[in-house]
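Consider the two complexes below, in which chain A is the common component and chain B and chain C are the respective partners.
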Partner chain A sequence: MPRYKVTIARMGTSNIFLRSFLEELGFEPLLPPPITQETLSLGSRYTPEFACLPLKVNLGNYLQTLETQDPDLIFMAGGIGPCRFGLYGEVQKEILRSLGYDLPFIVIEPPKKHFTEVIQNFTRFLGGKFWRNLPRAIRICWCKAKVTDVLDKMTLSLAPHLSVEWRKELWRKRDEFLIAIDQTGKTGRLKAILAEAEEVFASFPQEPRADVFRVMVVGEIYTVLEPAVNFQVERRLSLMGIEVTRTIYISEWIWQQIILNFLRIDWQKSLREEAKPYLSRFIGGHGLETVAYTVRAARRHYDGVVQLAPLGCMPEVAAMSIIGQVSKERQIPVLSLLMDEHTAEAGALTRIEAFVDLIQNRKARTSSGLGSRARS
Partner chain B sequence: MKEMFIGIDVGSVSTNLALLDLEGQVVQTVYLRTGGRPISTVQLGLKRLRETMGSSSLPKASATPLQSEDDRGQTTESLEEQKTTEGYGFSRSSEEIRIAGVATTGSARRLIGLMVGADLVKNEITTHAVAALHYQPDAQTIIEIGGQDSKLIIVRDGIVVDFAMNTVCAAGTGSFLDQQAARLGMEIEEFGNLALTAKNPVTIAGRCAVFAESDMIHKQQMGHPLSDIAAGLCEALVRNFLSNVGKGKEIKPTVVFQGGVAANPGIKRAFEKVLGYSLVTPEYFGVMGAVGAALLARNQYLTTKKSSNFRGWQLCTEDITTVGQTCDGCSNHCELVVLKRGGQVLAYLDDRCGKWSDLVTETAGEAI
Partner chain C sequence: MVIGIPRSLFYYYFFPFWSGVFQALGLTYLVSPETTKGIMENGATLTADEICLPVKLHFGHAHYLADKVDLIFSPGFGRWGRRSHFCPKLISLPDLTRLQFQGTLEFHHELDEANSIVEEYWLAPLRQLAPGVKKKTLLYALKEGENKQAAFVALCRQGYLLPQAFKELDVRLASGEDPARMFKAGSQQEKGPRILVLGHPYMVYDNLAGQGLLQTLTKAGARVFTKEMVPAAEEDKLWPTQEKRVFWTLGQQMLSAAYYYVSRRQIDGVIFHSACLCGPDALIGELLEKYLGKVEDAPPLLKLTVDEHTGDAGLQTRVEAFLDLLEWRKQYAAV
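This part shows the complex of A and B:
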């Protein structure tokens, strides 16, 4: 059987483990260049205006790959349920076909419903070696996803305890370790990289800080994970000395969506309970999670919540008005940033900076007893 | 020695400077059109500040800030003679003045912060709130409408608890009103007063600037008097502001109305009609961002007593330019801005990874 060339769209650090996964399975992975303004304009040119941002960027990714390379097929994660993303596999296929690229798609959909279909799709291109290679592919894919997420968690939790200069160094090192993770093909080497990162990070001089401001980042998965579309909000907050708690990690998402859902384990129970006073049902995408995590952030005395979502994302727009209520009732500042191809970076940065001022001044006032309101 | 503080607000349409004394009193303000040239406009603005300071008695600032739009480009004249005394001294001043702090705000805050050696670089939402609360400590809502931005800041118990900015449309901001006044062949000052004389304001679709304009034209062709159309436009823009920017926010009195558009009595009255109570317009409504920045520079100085990074008045006459440059270091292809004095690089801006902007950290640091 020939070695099929397969391309993917980018989302945060997911290209690292997806590349290994496809490689181990027996494909030749072709990666699109990093997302730039050009990707975005290319994608928006051929998509409906009111389609949401992830579709536009994904299509931009495919088109940029197709400009210079010749993939045989496209691999993407899909969805089912009320979010429009479930439809995007088909929409992308149709748009590419209308542009003269007739490529097959392998859409990985939650195995709760479409498990056999996914397998058939793979065996169609890989034949028997799919089953032979699968254990190794899953192993490296899972390890890489886990290690990149652990690295990010370490970075985010350490940053607020460092000086400005060391914070920059921390993020520089994090990027270097990401490249190292990307480049290795051995699962064993990953552990060593993580150990090295731990050692390097531990050597950074920490400053004792009386108070650390904590912000929870909630919202739609793509805009939360992809720094190229969210104006690097996580890194910026972290460089300002804020402790960022990201609520979506890709390894956790895979675990929940593929393993727990397959085993029919209800991992969402605690979230549903937390969201209950405000929202009692699944509304597609990460809408329920957004509400639940905002309640959790208030309960755990976070200083603020940043919601990230594509403009016109139905689940997040619904969640946005609900978390406005949570914000009022539970006294937690919320900043909602909606993104599309027209969003100006300057405006977003002004908002992020003003939000940080807001939470800092608020805390200073509350703790000095000047404010009449106490946080519950 | 008198210690003073400079706030510089470089916005899309106007560049404002404010000079404050140690007590936080406004000594002088300057209002200029940015005209797409932030650097030379700030140079001109600083020169004006310096000139007024040079006169033996410092004039009390007037409510109408210094207007000057006509003399851009002659930033280098007449400053030479004043440069006789080195440093921050003033040749003609009876008392010596020392600039103890400089802060920048507005959309060009980073660039100008690096250029002047700012001690603080602050976003305009915070500076506007600081200034409004300085003059109106019991404010619960701040409405700021400038050239292209409009902001709503919600304050409770003297602290900012929420804010919003216009995201999709600039209808209702200064630039749009300017355009419409120009199209009707009148000064923007006249436009607001005309709206006040309206007997029966017409309904205008204010959702989008372009459609508002076509609706206005339509109403004119139908024969409605100009005053009714002007008032109708003011009401449409206020509706637009309240339903877009103010969506879901609780607007409570006291409401402070500031920014260039606060000079427009038509808009002010339209707000009052909808809200049902009067708005407070502070004395320095047009330069509140700059005043807020200067107040923050003063606060920082009072708590840290650190001497200022201000690069001195000579920067009014220096040859400061920016050059665009594309970085080929990675596939991001960042479009860098290089800030230069003469041939010397002062700073790099706008790189994603920070490898360029970290090169020159002379004036940067915590402030930027």
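This part shows the complex of A and C:
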């Protein structure tokens, strides 16, 4: 069988482990260039105006890849609704065909209900070597996903305890380690990289700080994970010395959505209970999680919550109306940033800075006994 | 005890069922009036900017009812059949309403695989509305509602537009006839361009959101077809080029209706009427355009998107221009 060239869309650091996964399986992965304004405008030119941002950026990714390279296939994840993501494949396929790109568009549906179909989608192009290569592919894929996430967690938790200069150095080092993770093909090497990162981070001089502000980042998975569409909000907050708790990590998502769902293990129970006073049902996407985590953030006395979502994202718009109420009742500031291709960086940054000012002033007031939380 | 039913969202389809159930239990209800500018503006103030027009209208109607009734009926819409859903905003509707208004009760209007109502979601809230009533009576009331709904659906399939079907249903029920058994085609013109209007009933038939689309069409002598008129066996069929079923029931129904009428060459033009910021519509409109594009000699498609600022005249002009285009197309074909 020939070695098929496969392309995928980008999402945060996931291209690192997906590339290894496809390579180990026996494909030749072709990755789109990093997301820029060009990607956004190219994608939104051919997509409906009110479609959500990830659909537009995905299409931009495909078009940029197709301009310079010649993939044989496109791989894309599917879904069963009610979030629009589940229909991206069908829409993107139709748009690409209307533009004259007639290559197979393979949509991988959730394995819980489409197990044989998923397997067939791989064996079609790989034949017998799929089963032979699968264990190694899963191993490297999982290790890389895990290691990149651990690296990010380490970075986010260390940043608030460093001086401004060291924070910059920390993020620079994080980027370097990320490249090293991307370049290696051996699981043994990944452990060494992580150990090295731990050692380097431990050598940074920490400053004891009494007032660390804590912000929880909630919202829709793509906008949370892709810095190119969220104006690097996580990094910016972290560089300002704020302790950022991200609620979505890709390795956890894979574990829950693919493994636990496949085994029919109910991992969502505690989240459902936390959201229950405000939202009684699963509403698709990360809507329920957004509500649950906002409640949790208030309960754990976080200083604020940042919600990231594409403009018009159905689950997040519903969740947004609800967390507004959570914010009022439980006295926790919430900033909802809904993004599309027209969102100006300057505007978003001003809102983020104003939000940081707000939570800092609020804490100053609270500690001097004037704040509202002291009463509640 | 008065139940307030907002004249919004699935009032425009499930009202026969709801009213049937409440009547059978002897409960009084009040339906809010046709949408006015004031209702729309109130709705827009009560909701986030980012939410779609239909939900804004729903809140406007609920607000109108708030001080006139004891309870606002605002059910959630979740599952419809085995693999289909409504959109996330409609699933969370009871929660969204509860945050804004006093006196709500959690109803969920869900349909199971056989397209019949999921009774368990109705029994608990109905017990609160009608305390002391036996389960058997409640089940009987639900059955009454379902019968009324079935009669209404049958009228739609006979070619009645929704408001006519509502009216006809009442007339026939009052005269004691079985509405489902009588066959009398809807009162529409026989000539004139045949137009398929695709859109959510709560948009198309709403007095303001619909922007008089149907009136403009009928005044111009057009015959209007809607997805509600498609026979039951065809309402779920995929386009030959469609690789994935749309998991929103209404979305798939719109695509299937287009396929039904286009493949039978029964229509001259398609109007896709969608709400601003309606998530599913954004994708359905795109798919519709692409599927139609592959059909040889496909009927022209007009896409209209309405928000709370859309002016009446603009829409009317576009519809009239579209009808002119269909006329020229016909003459050109005849030459």
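In the analysis below, the second predicted complex is superposed on the first by the 372 of 376 C-alpha atoms of A that agree within 3 Å, B and C clash if a C-alpha of one lies under 4 Å from a C-alpha of the other, contacts with A are read in each partner's own complex, and residues count from 1 in each chain.
Note that in this section a residue touches a chain if its C-beta (ideal position, glycine included) is under 8 Å from a C-beta of that chain, and two chains touch if they have at least 3 such contacts.
For clarity, every value in this text was computed on a predicted model and none was experimentally measured.
Trainee: Once the two structures are overlaid on chain A, check if chain B and chain C clash or fit side by side.
Mentor: fit
Trainee: Report for A:G324: first if it touches chain B alone, second if chain C alone, otherwise both or neither.
Mentor: A:G324: touches chain B and chain C.
Trainee: Check the residue A:V164 against both partner chains and state whether it touches chain B (first), chain C (second), both, or neither.
Mentor: The answer is first: A:V164 touches chain B but not chain C.
Trainee: For A:L338, using the defined touch cut-off, is the partner it touches chain B, chain C, both, or neither? Pick first, second, both or neither.
Mentor: both
Trainee: In the three-chain superposition, say which chain, chain B or chain C, touches more residues of chain A.
Mentor: Chain A has more residues touched by C than by the other partner.
Trainee: For A:L358, select first, second, both or neither according to whether it touches chain B, chain C, the two together, or no partner.
Mentor: In the superposed model, A:L358 contacts chain B only, not chain C.
Trainee: After superposition on the shared chain, which partner residues are touched by A:A346: those of chain B (first), chain C (second), both, or neither?
Mentor: After superposition on chain A, A:A346 lies in contact with chain B alone.
Trainee: Report for A:G285: first if it touches chain B alone, second if chain C alone, otherwise both or neither.
Mentor: second
Trainee: Who does A:P71 touch here: chain B (first), chain C (second), both, or neither?
Mentor: Neither partner.
Trainee: Please work out whether A:G43 is in contact with chain B alone, chain C alone, both, or neither, and reply first, second, both or neither.
Mentor: Once the two structures are laid over each other on A, A:G43 reaches no partner at all.
Trainee: Of all C-alpha distances between chain B and chain C after superposition, which is the least, in Å?
Mentor: Minimum C-alpha separation, chain B to chain C, in the superposed model is 5 Å.
Trainee: Can you list the residues of chain A that touch chain B in one structure and chain C in the other?
Mentor: 321, 324, 338.
Trainee: Residues of chain A touching chain B in their complex?
Mentor: So the residues of chain A touching chain B come out as 33-34, 36, 164, 168, 172, 175, 232, 321, 324, 327, 333, 338, 343, 346-347, 349-351, 353-354, 357-358, 361-362, 365, 370-373.
Trainee: What residues on chain C touch chain A, complex-wise?
Mentor: Residues of chain C touching chain A: 47-48, 50-51, 76, 78, 83-89, 91-92, 94-96, 99, 106, 242-244, 246-248, 276-283, 285-287, 290-291, 293, 305.
Trainee: Residues of chain A touching chain C in their complex?
Mentor: These residues of chain A touch chain C: 47-52, 78, 80-84, 86-87, 89-91, 93-95, 97-98, 107, 278-285, 287, 311-315, 317-318, 320-322, 324-325, 338.
Trainee: Flag every residue of chain B that touches chain A in the complex, lowest number first.
Mentor: 107, 122-126, 149, 156-163, 165, 167, 248, 330-333, 352-354, 358, 365-366
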